């Protein structure tokens, strides 16, 4: 009967152990249960010590990213029935330090996010009395998909460069920088260029492309990075051939 | 793989896992990426071979014939056949990736990705046709 | 060296971040801390879909928005607060646009608005179908600009520090390490959201456990209007995922087990093939939820492993229209519950969605306890009264987040000193959450206790209530609290102990649940979302007032009443369906309509 599935769940208990171990549990898997429901079943009914993050259960908060059978996934959007009878292996997201069980530290991303100045930068602000900045639907489309990032970190987990060199600024940070660069209300592209053009900025990326593949919100961070490489290259050439401006 | 310090109260002891040297064997997508990057070696060989060809032609009919004979030897043939396949792989992966990197606008509208991709193939076909015409008309 | 700041925000969602930015902008010398049990971008604001109301159309007016809000709230709204709210809402939404919020636009580039249930004019601003997500991320990313805002990400607040008759900070622990700190402050703003998780069927995320309300309640501040819980009529039964009103606005039908559009039996107009504003499937949320309960009583709902449901039928719209107009509905159903609205009937039932009640505040977010403020869903000003209109809660975060921020900043700049005696409270708290909590001997599972609490709430304080079941509910809740006092948890670690967090949250929920049941038992009338089968009429004589729930020294709840502030709109009847079309404009309606 394919209505039960075996879950192999990674555990890390830093106060007692120094390695990851695996617990195995059998859980029900009705058609509408996702991996998160399986974890909740274990925590509620079998072993209350299992720790993991989750919140919205609908793929918008970005909390529940984990490695499922080797792939970074949102566990609220991955159906158990697709893997029954298993075993299905659930581990913490790769490329991040593990704090406990399935929980990783994303502090590195939070620090990198600030560095790319993810806010509207303008020399002159319009007073509220003058109403909104005009932005046509086409202008909105220019950056809309980059604004869909839920900060779930699946892209960092899939990126082999970030795995090998954690100084790489990473896909989501660059995509969010581009979200503002392409927003017609923003004038901060020049301010972001220094951080993005660093050695560990966009130039760390070798266009493996896995980040875009695993992104649950179709942000296309790989595209954002390659487009910026062109932008940055053009800027370098311009400043080389026209040192005092056009 | 393991964390090293002893746990003390209220001090987190995080586990930092090392990425294996063979990370590129873990997933088909990673392996395909490494193959793509390796094509640069074959591109380098092709450049060298072209230079040899040019040098041989410049040296006269005899040196050209010697190069052709040498090229017929099994290992050169195999190498060149492999080079040909990898060059196609290089071109195709480059073209497939191009629309992600190259977002062009005509006026206010972005050119659809399919057209950017098609443009690359058209340019490739045109360049190949031109080279073929130059070579075959002799 | 104990951490100290001028103002501490508990909760980093829409209200908390807006308050932080308000203080950072108006008073850059003040130090600000945002203490949140999750990273701010995970806050539940992120899941709001529909939109945010603000008057900008030339044919619209502040008075109309105010009237829609007040009549929708069944006249329990404080009208001075509503007047301030409708005036500041468009300004706040515009300010957010200047900060980069990607509002959807008209072709010429100006902000677009769309219709929304309960609003007679189109005034709902929206950012595709992810308004809350975009608002939250805009606020969070903008807040990164301000170096005076210090964040305590994944710190769980367990208690307010109260000394000298005022709030002087919080006790919180860092989830990552388990370290417990007293974070002292001159002012504290509670922005912790609602409490949907006290009920079994809710759209709310797992983090909505009424933390801030319980903190205030335990510190002596009253909770207002706790009996008013809003249900959204169409949520998926298992996940609680909301099927937005847009699905009905595009023409979906609600049908019972016989395939019959049952809403026509409940004074909500006549069924037409096309949707009609404010009638049938586009009637007000509370009336739709009530109709479901009545169908369930008559045995005409469908039974599933997850409880009773009715069906939302979108199949007649066709794949093309669904993918064009409501693609996110299809996406949500397929991605998170494995069903396809093009081919399948969607099982739906009323799910708890929003808490009108909360920490009692004045029009500036100040509670009666000096130094304590509240904003957002955690607070009750009240602008939502007995029933909130859709698309009012997002601008509420901004308007009252900013007001509470400014008020707290003004209070904090008076420079009151921290009383060192409050540190004894931290020592107490340290013992409670580290020693006591981990040394219980009980045999129950936390999840079982939580399930029982939820079932009790659903049975006693569901859509229809009566005096007897409410009083029994209060008794049951007291017994659950006793059982909770002996609850043992398995996880004794300090590092990211989520079971301990769940236990503390359950403690919070049991406290606010009791307040809700007590307030509901005392309100002997039916108004808005609070419907009593034993008192089916509205009673303005006795109950045109807010309930205030205070915790007594014995640990039970005392209810007092505070009259509603009426300025320009005297109470009238709420009317919908054809009667609404005849009722005309803002004044007294002709034909009365009851449930």
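Order of writing sets the labels: A, B and C. Residues in every chain begin at 1.
Everything below uses one rule, namely that contacts are C-beta pairs under 8 Å (C-beta built on N, C-alpha and C of every residue); 3 or more make two chains touch, one makes a residue touch a chain.
Just so you know, these numbers come straight off a predicted model, no measurement behind them.
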Far-end chain from subunit C, centres as C-alpha averages | B
Please state whether A-C or A-B has more C-beta contact pairs across its interface.
-> A-C
Subunit B and subunit C, separation of their C-alpha mean positions in angstrom = 56
Cα-centroid distance, subunit A relative to subunit B, in whole angstrom | 28
Touching two or more other chains - residues of subunit B = 12-13
Residues of subunit A touching 2+ other chains?
-> 14-15, 99, 105
Which subunit C residues sit where two or more other chains touch them?
-> 176, 494-495
In the complex of these two chains, what residues of subunit C are touching subunit A?
-> 38-39, 41-44, 46-47, 91, 94-95, 97-100, 102-105, 107-111, 128, 130, 133-134, 137, 141-142, 144-145, 153, 176, 205-207, 238-241, 305, 332, 335-339, 445-447, 489-491, 493-499
Show which residues of subunit C lie in contact with subunit B when the two form their complex.
-> 176-179, 494-495
Enumerate the contact residues on subunit A facing subunit B in the complex.
-> 12, 14-16, 18-20, 70, 94-95, 97-99, 105, 138, 141-142, 160, 163-164, 206-210, 212-213, 220, 222-223, 226-227, 229-230
Given the complex, residues on subunit A that touch subunit C span 13-15, 30-32, 34, 43-45, 47-49, 51-63, 76-77, 79, 81, 99-101, 103, 105-106, 110, 113-114, 118-120, 125-126, 128, 131-137, 139-140, 143-144, 147-151, 176, 180, 183, 185-186
As the complex stands, subunit B meets subunit C at residues 9-13
